[in-house]
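Before anything else, here is the set of structures, which you'll find just below.
What follows is a pair of complexes built around chain A, which joins chain B in one and chain C in the other.
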Partner chain A sequence: MDLIVSQILTGLSIASILMLIALGLAIIYGVTGVINLAHGEVVMLGAYCAWVLQTQFGLSLLVSLVPIFALLFVFGWIIEAVIIRHLYDRPLDTILATWGIGVMAQQAVRLLAGGELRYVEMPPSLSSSITIFGATESSYRLFVLVVAVGLFALTWYIYRKTSFGLKLRAITQNRSVASSFGVNSARIYRQTFAFGAGVAGLAGALVSPLKSVSPEMGTSYVVDAFMVVVLGGVQSLFGTMASSAILGELSGLLAFFSNDTIAKALVLLLIVVLIRFRPQGLFVTRVRS
Partner chain B sequence: MKRNRRQFLQGGAALGAFAVAGFPHIWSKNADLAWAANGEIKVGVLFSLTGTTAIIEESLNKAAIMAIDEINAAGGINGRKLVAVIEDPASDPATFAEKARKLVLSDKCVSVFGSFTSASRKAVLPVFEKQKSLYWYPTLYEGRECSKNVIYGGAVPNQQQDDFIPWLVNKFGKRWYLIGSNYIYPKEENNYCKKLLKTLGAEVVAEEYVPLGHSEFSSVINKLKAEKPNVIFSTVVGDSVVALHRQYHAAGLDPANMPMASLTTSENEVAAMGGAAAAGHFTSAPYFMVWDSPENQKFVEAYKSRWGGDKVTQFVSEATYFQVHLFKQAVAKLAASDISPESIREAVKGEQYKAPQGLVKVEPENLHCWLRPKIGQCQPDGQFKILKQSADWLEPDPYKAYPNQKCTASGLKTI
Partner chain C sequence: MHGKTTTQLALYGAFCLAILLAPLVVDNAFLLNKYARYLVLAIVAISLSLSWGYAGILNLGQAATFGIGSYCMAMALKLKTIPVHTGPDGLPDFMVWNNVTELPWIWQPFHSLPFAVFAGIALPSLFAGLIGWFIFGGRITGVYAAIITLAVMVVLNLVIVDQQAYTGGFNGITDLAQFEVGEVAFDAYSASTYYLVAICLALTLFLALVITKSKVGLVLQAIRDQEERVRFFGYDVARYKTFVFMVSAGIAGIAGMLYTIVMEFASPTFLSVPLSLSIVIWVAVGGRQSLLGAAIGALIVTGIQGALSESEAFLDTWTLIMGGLFVIVVLVMPKGLAGAGEILARRIFSSQRSSSDRAEVGSAVERLS
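Our next item is the complex of A and B:
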């Protein structure tokens, strides 16, 4: 029994990390259609912000979450205003531009902070483990799960229940018609991009006590994030949640019964097969075309 | 048109003939002193300064430069200064090969100090064997190599495990869980480990490999909780070491009854995972930063004052350092006109040097080093406490796991 609970919790933990990272990308890709290859580097920057705030200013991780969101929000704002906004109708150019931003960010971090692995301390209040139904789980992982669900709920609320979200949905359906209704689409795009970047930065900060902080940590995350978003269906927030849950549980289970190398390969295979038969992903937003 | 082409071809052929004849090199008076011309001896330094393995390789670069500067400050080698030609192969084996070729062919380095990963060493090996140059490889590796063009300064499996495994079996028990990154180094180490465990009557409950750079270990932790081994023999490398230790600690597992025993967890990784996650686990290596010897004190002080008080030294940067000094000792024995990669190789056979870890020696048969392995347990402050040290130096045998093969001075022999 405790093994089953353990497995479920493990899967949920992996899924929550996946979802945190993919949420920012889902927002940006889903709304603006920008393929942001610098997403992994934004996650990495969030982790480095956590490290800097901890070593230079002595802020514990929990306290620094809000400043990190704000910092990466501003970063996303600037990137969008300077580079991305010129490239909305040119998808290939956005790929190139965001890839370039990613490479520059990685090297800048390496020049400024050095290439060594950095240490972000886990908050002492969350360093113990909790026993649920006989299975022990790290309380920090449960905290990350709670934060992931909370962020998702917040995003969903903004998307569905606020006037900002309404404008967002209008722009997603048809940008020019929405503009003709007086919606400032440029500003909304910028705010969306910044919000997506902020969420990605939070993800990086939250993941850093479980792993390590290095300039190349983002590269693997962007691949996982895209897989989650594409599998879940673009423009569907619930799709992101569902696909991260499925992928997380599946990797956990497969890794337990065989090993992580096989698990990774099988999960990728599954995604390829699923996309082959359902290219639009799991959840489709029905659009009258 | 026809005439122009004929003239062009004739001119080209003449030029080609000149170049092949070696003009003007063959007429240069300094041809004999090609390796030590202008009072300088050029050596290559080939460690990644960018890319994934730069994390550790830049410390090797720093150790090499520091050793070279020390030698020059003491007057060089018989009055000739060492000139370091530094290249950055960016953690990519193909770039390693390209830069190695450049260092040997166009920069005319008489030796090159380089490489951390086995992949990069395998990539540059053909260059050094074909050009009959000399490569000084400081990193611990999986053995099973017998090149006449490489001086190996790192430990091979028998040196790291012959003391370590029996000690752990005695202290903790016979159920072992082997986990490593998915490439040749962990696989060979596990191969050797399994052979040793068999002779000790111990049992391998599981052997698994995770992708390189993998950082999600929750399934592995679940398996550990289910199997409850006595010892976890970990050969994961890089980011994975840090992630595994941190998640092990976060899951509440206890190193007092299920310790992780590693060959690769050094002071660098410990700094990145924090003392709390590192404490209680064991590493076997020829060198630890806390090792108490006058040579080590000098080495650590010099390293910290040159590169920063927060820097750490570990077993690979120490090996890089002593290899440069072994090089100096070998070259010092030669006359200036005799300096060449082959003569340096012959001169360094049997050379001894008082390295920070203790006295080391280059084994003439297989060009590996006699080293002094130690067993350290990590403490909460991030340094190691040395629990056991080898009584004397240990002979390197890169083919010990393959009893029908032996590396000798005349090549790999099948017995």
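Our next item is the complex of A and C:
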């Protein structure tokens, strides 16, 4: 029993991290169709912001979440305004341009902060662990899980219940018709991109105490995030949540029976097969052409 | 059209002549090795241009087939090393360290160098054939195809790093013998290796050119532009795409084998995400719809990269500069240097051309802005 619960908790912890990282990507890709390969670097920038705020300004991780979101929101805003907005009609080229942005971000961080590993401390109030049904789990990991679900709920609320979300969905369905009804699609795109970057920054900050922070950390995240988004279905927020839960539990389970590397390889292979037979994702019935 | 082909042939010929004559000017062994390395990367760029530029398949995992070729050659050269390097019974040193007692069956045939060369072309092609059949048979295109190729490469990389006892793991396969054909030994730091690479580059360039000019090549370009329409004409689109995917992989395999000869080792970084994306960059900078452009793109980018990373002042900033340059190229020159060159040439000669040609120039320029 303990073993099963702790296995489920491990999987949920992996899933919550996956969802945090994939959420920003899902928003950007689902709405604008931009394949943002710099997403991992935005996550990395969020983690470095957390490190700088903690070591230079003495801010606790929880306090610094707000400025980190704001900083990365502005970063996303600028990137969209300078580069991305020229590429909406060339989706494959967005892969190339955002990769270039990622390379620059990575190198800039390496120059400014050094290439060595950095460590961010957990908030002291959350550094203990909690026992659930006989299995112990770090309370910080549970906190990350709660935040992930909270951010998801917030995004869902914005998407479904606000006028911004309504315009967003209208553009996603048909940009030109929405524009002719007076929706400023350029502005909505920019806000979406900035919001996605902000969420990615939060993900980086939240993950930073669990993993070491380095300029290269984004590379593996971006691949994982893509797998989650593609598996869940591009325009389905619930799909993103469900697929991160599935992938998280599956990685945990496979890693229990073999090792992490083989688990990762098997999960990737499974995703490849799924894309082949259900390119629209597991949880989408209809997609925009 | 005829005039255009002649100009193209002249340009391709001049390029091949230039790279073949380079050793007459350069007689520094270190430089020759460096240039040979750039030329190998130009071959990979040609292979990607063939599938991406001419058939519209963006392969983000091109380094996978490059890596397979590289490992085939490294396995054969490892087995040729003198016993000092290979432990008892001719067992490679890293196997001894990993307590492997006898040569795994998968290594056995690599005692034969001709087999290794054959495998270095056949295995990547077979690998690509399987993936192609899997992807294109299901009519998966665009972004999804790109992501599948990327994921498959990551899997291959993970497996190679994980199976340390059979692949050398993270360190790869090092301490190799020299590649020898008959009496000729190809020292990595010699003109002979440079010529080997340069001749292979010239041959692949013209092979690829022949393919693009053939009927198959025309069908592929039609698929790139209007896949559905070609399918309605009754062509088996999946078969054509798989074919070009396999040829591209075979060429990448050749490049991989040459890379092992030039670098004197094989490593999991040869089939990593950064290298694979770099290949895409070279082709995009050079011009994906021009084989020669892709090759030159690879030479220019890797050349600048090499030069900047050697100079003290740019050691840390070159990546930053490359990233910036690349973003600019994508934004303002979607067809790369080759596309820009073509437009420039047409502008200069536009007075001699018909008005229909001018319309084409107009649309190309429009795409630039």
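The rule we apply is simple: the second predicted complex is superposed on the first by the 285 of 289 C-alpha atoms of A that agree within 3 Å, B and C clash if a C-alpha of one lies under 4 Å from a C-alpha of the other, contacts with A are read in each partner's own complex, and residues count from 1 in each chain.
Methods note: a contact is a pair of C-beta atoms (placed from the backbone, for glycine too) under 8 Å apart; a residue touches a chain by one contact, two chains touch by 3 or more.
None of these values were measured; they are calculated from a predicted model.
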Exercise for the section: Determine, under the contact definition given at the top, whether A:S60 touches first (chain B), second (chain C), both, or neither. Expected result: neither
Exercise for the section: Look at A:S127 in the shared chain and tell me whether it touches chain B only, chain C only, both, or neither; answer first, second, both or neither. Expected result: first
Problem - Touching partner for A:D93 - first (chain B), second (chain C), both, neither - result: second
Practice task
Determine, under the contact definition given at the top, whether A:S179 touches first (chain B), second (chain C), both, or neither.
Solution key: neither
Handout entry: First (chain B), second (chain C), both or neither touched by A:Q7
Key = first
Exercise for the section: For A:A108, select first, second, both or neither according to whether it touches chain B, chain C, the two together, or no partner. Expected result: second
Exercise for the section: Give one of first, second, both or neither to describe whether A:T261 is in contact with chain B, with chain C, with both, or with none. Expected result: both
Exercise for the section: Please work out whether A:E137 is in contact with chain B alone, chain C alone, both, or neither, and reply first, second, both or neither. Expected result: first
Exercise for the section: Return the residues of chain A at which the contacts from chain B and from chain C coincide. Expected result: 107, 110, 259, 261, 264
Handout entry: Of chain A, residues touching chain C in the complex
Key = 35, 83, 86-87, 90-93, 95-97, 99-104, 106-108, 110-111, 219, 223, 226-227, 230, 259, 261-262, 264-265, 268-269, 271-272, 275-277, 279
Problem - Residue ranges of chain A in contact with chain B within the complex - result: 3, 6-7, 10, 13-14, 17, 107, 110, 115-119, 121-122, 127-129, 136-138, 140-141, 209-214, 216-217, 220, 251-252, 255-256, 259-261, 263-264
Handout entry: Partner chain A, residues of chain B touching it in the complex
Key = 49-52, 54-55, 58, 182, 208-211, 213-216, 218-223, 225-226, 239, 242-243, 246-247, 250-252, 268-269, 271-274, 276
Practice task
Would you pull the chain C residues touching chain A in the complex into a rising list?
Solution key: 58, 60, 134-135, 138, 140, 142-144, 146-148, 150-152, 154-155, 158-159, 161-162, 273-274, 277, 280-281, 284, 316-317, 319-320, 322-324, 326-327, 330-331, 334
